[in-house]
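What follows is chain A paired twice: with chain B in the first complex and chain C in the second.
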Partner chain A sequence: MYFRTWQRLSSVVLGLVFAPAAMADWGLNMPVGITEVSQSIFELHMLIFWICVWIGVVVFGVMFYSIFKHRKSKGAVASKFHESLGLELLWTAIPTVILIAMAVPATSVLIQMYDTTNSDVDIKITGHQWKWQYDYLGEDVGFFSNLTTTTDEIYNRTEKGENYLEEVDNHVVVPTGKKIRFLITSNDVIHAWWLPEIAVKKDAIPGYINESWALIPEGEEGLYRGKCAELCGVQHGFMPIVLEAVTADEYQAWLDDQRAGKVAEAAAALGDFSYDELMVEGAEVYARSCAGCHGTEGQGMGTIFPALAGSPIALNDMAGHIDIVINGKPGTAMQSFTAQLSDVQIAAVITFERNAWGNDTGETVTPQMIIDAKK
Partner chain B sequence: MTTATASHDDHGHHGPAKGIMRWVLTTNHKDIGSMYLWFSFAMLLTGGVMALIVRAELFQPGMQLIRPEFYNQMTTMHGLIMVFGAIMPAFVGLANWMVPLMIGAPDMALPRMNNWSFWILPFAFGMLLFTLFTEAGAPNFGWTFYAPLSTTYAPSSVTYFIFGVHMMGISSIMGAINIIVTILNLRAPGMTLMKMPLFVWTWFITAYLLVAVMPVLAGVVTMMLMDIHYGTAFFDAAGGGDPVLFQHVFWFFGHPEVYIMILPAFGIVSQIIPTFARKPLFGYASMVYATSSIAFLSFIVWAHHMFTVGLPLQTELFFMYATMLIAIPTGVKVFNWVSTMFRGSMTFETPMLFAIAFVVLFTIGGFSGLMLSIAPADFQYHDTYFVVAHFHYVLVPGALFGIIAGVYYWLPKWTGHYYNENLGKFHFWMSFIGVNITFFPMHFIGLAGMPRRIPDYALQFADFNAIATVGAFIFGFSQLIFLFLLIKTIRGGEKATDRVWEGAEGLEWTIPSPAPYHTFAEPPHVK
Partner chain C sequence: MNKQKSTLLKVLSFVQSVLASLVGIQSNKKREEDFNEGGLERMIYVGLGTLVLFVIIVVTAVNSALPS
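On to the complex of A and B.
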């Protein structure tokens, strides 16, 4: 730890000394992005940036000229002028002209960004504390997307992976060459769905459905990473977005896979599971969906997120335990997991919670019990 | 900060009372001004420690020192304390001290209310800070406290927060009314409005902004209180309410609030630059008009904080154009300051250094503000560190440097002693270097895609975050130099002349240094 701190410090110092060389891979500027809109935005950004630079050069130039030339120690005698209507008018008029020149392209880009008509693919995005849900409208495909960076990486117990805090279990897959419309909303607090490479950032607000769109050109297939941009609670920094752009054909195949997977999952719930199988599956589900709030050892977090180890619900009240996982607790971050976990996963995680960290109830919750509880 | 010299001067007034009750019961504008300034300095250090906790955690990727839930409490409390506890009371303190001296008034118009305005504040902030030690923890929803994170999903301490905001609001409104009444009624004969020093003018306009928008803030927190405890659903979509309404109401307060925190600093800088350039302020009248225009525009630009909430296109365009307009009067001010320096006879004492740094760095903050006003580009900037860089540039080397410049400028008048110039310059250079190392890299990490208000970040942001943290510690600890200098100057030092600065103009420089406990019992005549 100390070693790494020093390594970081020395790289900072070196970075300052050899700034131009080191800065190349530091990420200094806005990404140009892959869509027409993101490129237009980048151009607007650079235009206004250079306008500011030139105004700065002129204003600070005059100022530093005065600071060096008109100083008392050089014998400068103060002049007495303190008014000039001409100058005042000039430096009101010039900025006005510059601003109008700037407003014209900004307006046209904004109009383009707001045109969500004629979309080929519609994806509803729902923000939850602290994960994203994607539903492909009219395709019967939908899933949740959770952070996969482990708590061991976050708390510095293991090396951090290459895509630290920017990796998820289920990518939102989109076709290239098609106009994709995003319908963005939230299930609890306000989030914001942001993917810099396509310049889409829209707040996800409960009770609202916001629209945005992107058209990723063919040939730009790949993985693109983004983040939640609006403070949404404790794990705001831990709900990234990974978008996978694939060709239109691959997209169709992916949709079919998703639908087939769902059928298989429903069939699996009717099978038999041993206690050991459920415990193994439950530990995985717990780490991904529950540990963020309830702690890796079921110890809870602060006063907001109760401990599960030794909790009365996990030790005694099995029906209540099943109910809170299926239906959630309104007004808290404890959401309904019906839509994001399969019956097998819910059974497994409840079994796990009732038998881990000293909660030795010895009870097994089967998928059939979950199916019955949902009725 | 006033010395306890009881001045049995020619008017036969009595000096201050002895002991602690002097400060509790005082109605003297100088005592109350000093208390405001010390209070705001204490809050600056408190909020500063919180910022350093935040920066220390962000030094490296991964969670090292604190947990995410405490991180959110730190960012929230840092923002609230700096805005409402450090910057605003510091300006009120300067106004208390200087407005009567600059317009030739014997005191503030409403001295007892003045006492009350101040004494509310320690209780308001005591209550806010005490939530840190409760089981639920302090407010954790950001200083902008967007619903429903601050209502349905808030920790129970939110109720204390609401009560605290109400108290701060009452204090601010009373302080503002006092300043307006003083300026309108207690000016010395001959001191017409267009002869008032610019610090008085900017505060006059600021006070109207306060009276206009603090009740809006009170309204929005009351709506939250109703939602939380009395079953209403103003901001709850499930009950037919509207979370976006919160943002409209909050920013209708919030944007004028931004100018409340900068206009008095414009005034201070407009006093200092002519003094050290030994040349009258260029374009006095246009400065007054520009300040008024900025104040007016501040009421019609609020939704530029909400470009990504899904406003209709026409609304978006209106707020973009209105926001861009602000650049014009702000530009006029900067051009006027530069023209004041041009062909002057400049010296660079500490107040002037801070004032020049203000002009340069505030302008950089203004440039990033202009970039943010371009709505399409704002979709990329919004809620990133680019925004953090922007508002810290206008608030730290902007508002805070303005305050510090004012303190150095008037300190000899308050204490009767010159401060140590070398120590002052050391403080300046450490602050100047620290502030830029802290906030300049934030432009880069923001553009590269780092969202604000996150306790941990992806690896590509590591280097600039480490640099920013180093800068923050330099800047933070430099303020201890300032504390040391202040105490040293109060206790002694070279005797200050009445005029203090060679180029100083104005009524405050016609009275003795240190300023007697009672001044202008007989109004001066202004030619």
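On to the complex of A and C.
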């Protein structure tokens, strides 16, 4: 009986002794990260953690020793006194000194974290239900970043991929060796832009702009993944962040590509598209931007997200259909897609919605019709 | 002279009581003295003065910690 008790106690003690190794395996601790700030935060976290551990060891050590040493069975009698000025001063002074000792390094790290001055690259990040929008200020580059995990993976109709719910169509590309300032806001509800590897976690609040920054050292090029950290609605888990750190030269080339792509896209809108081309493009756009709410088969979701299959607007009112995609519908979850999709993409997705799932109208919506509707 | 000294001691005693209230520690004997001797107004004045001093110390500490 006693042997078993001691065996259990030993297991607990051994578990506590080897806890750091065990935590590393389970990934319980926060990541060290790749930036100087993330490393400072990690060091501060560990410093405070060990201070708390030692306070716990001392306080509980004294308490358990006293309970054991002065137990009733040994004839101990509790002392009865009302006040002890010296003791009270001591137990007030010690925590005060510890708190001040903790505040000094904490303040230093906070000042480091909040110093958003002298940035080389400024990126405005806007949270939407449920995607992120990135605008590179002064560079004429901006885009939306949508989840690319398929609904088949989400609903277990196929095997989940390696980066399940952590993959997007457009990465937020940043240069290494440059100070990047993030200006974070929201278009609808409160989101939070969280990328653990660079220790940035900021609320995105409608009407406010929160600032943060990161300087990814040269040599740390690669992909870093994060997610929305504020419960923001039914698809909160479907708006990940993928940051791609590249060299300064690669970043410049990427900016040039983005600008060239924008010009090419505008020119393409004036070209001719066949019904089949629009249907193929429309199916892709629908899967990425619409299926989350309206369902993969246009069946809708409850009373909030109406079905498009058999919908009067998708079968009859073409002008109304174009208008709702371009301008959204106030008072509902239907947002404007003007900034998110190109004219070709809007034309394609409307054509798709008017001809898929039995909506066989046979109608084609051209990019020129979208350009005209926007005027 | 003695009267002046006595007044100074009283003020110091008030200051000590106010500082003790800041940290929440006071001996029973001293607390009874404070209540018996009265001087509520003076206690409030010293308390307000100490509060202003505390705010000045905090503002100075924050300004000195922040980079210029």
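Definition applied: the second predicted complex is superposed on the first by the 317 of 375 C-alpha atoms of A that agree within 3 Å, B and C clash if a C-alpha of one lies under 4 Å from a C-alpha of the other, contacts with A are read in each partner's own complex, and residues count from 1 in each chain.
Here is the rule we go by: a residue touches a chain if its C-beta (ideal position, glycine included) is under 8 Å from a C-beta of that chain, and two chains touch if they have at least 3 such contacts.
In this text the structure is predicted, and so the values were computed from the model without any measurement.
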Partner chain(s) touched by A:264 [first = chain B, second = chain C, both, neither]: neither
Which of chain B and chain C A:230 touches, first, second, both or neither: first
Between chain B and chain C, more extensive residue contact with chain A: B
Partner chain in contact with A:82 - chain B first, chain C second, else both or neither: both
First (chain B), second (chain C), both or neither touched by A:45: first
Chain B versus chain C as contact partner of A:92, first or second or both or neither: both
Residues of chain A that lie at the interface with chain B and also at the interface with chain C: 82-83, 88, 92, 107, 111
Residues on chain B engaged by chain A in the complex (per definition of touch): 59-64, 67-69, 72, 135-137, 140-142, 146, 148-149, 152-153, 155, 237-238, 241-244, 277-284, 286, 308-310, 313, 316-317, 320-321, 324-325, 327-328, 331-332, 334-335, 338-348, 356, 359-360, 363-364, 367-368, 370-371, 374-377, 379-380, 382-384, 444-445, 447-449, 451-464, 466-467, 470
Interface residues, chain A side, partner chain C - complex: 82-83, 85, 88-89, 92, 107, 111, 115
Chain C to chain A touching residues, read off their complex: 23-25, 27-28, 65-67
Residue ranges of chain A in contact with chain B within the complex: 1, 4-5, 8-9, 11-12, 15-16, 22, 26-31, 40-41, 44-45, 48-49, 52, 55-56, 59-60, 62-63, 66-67, 70-73, 76-84, 87-88, 91-92, 95-96, 99, 102-103, 106-107, 109-111, 113-114, 129, 153-156, 160, 162-166, 188-190, 192, 194, 196, 199-203, 205-208, 210-211, 226-238, 301-304, 331-333
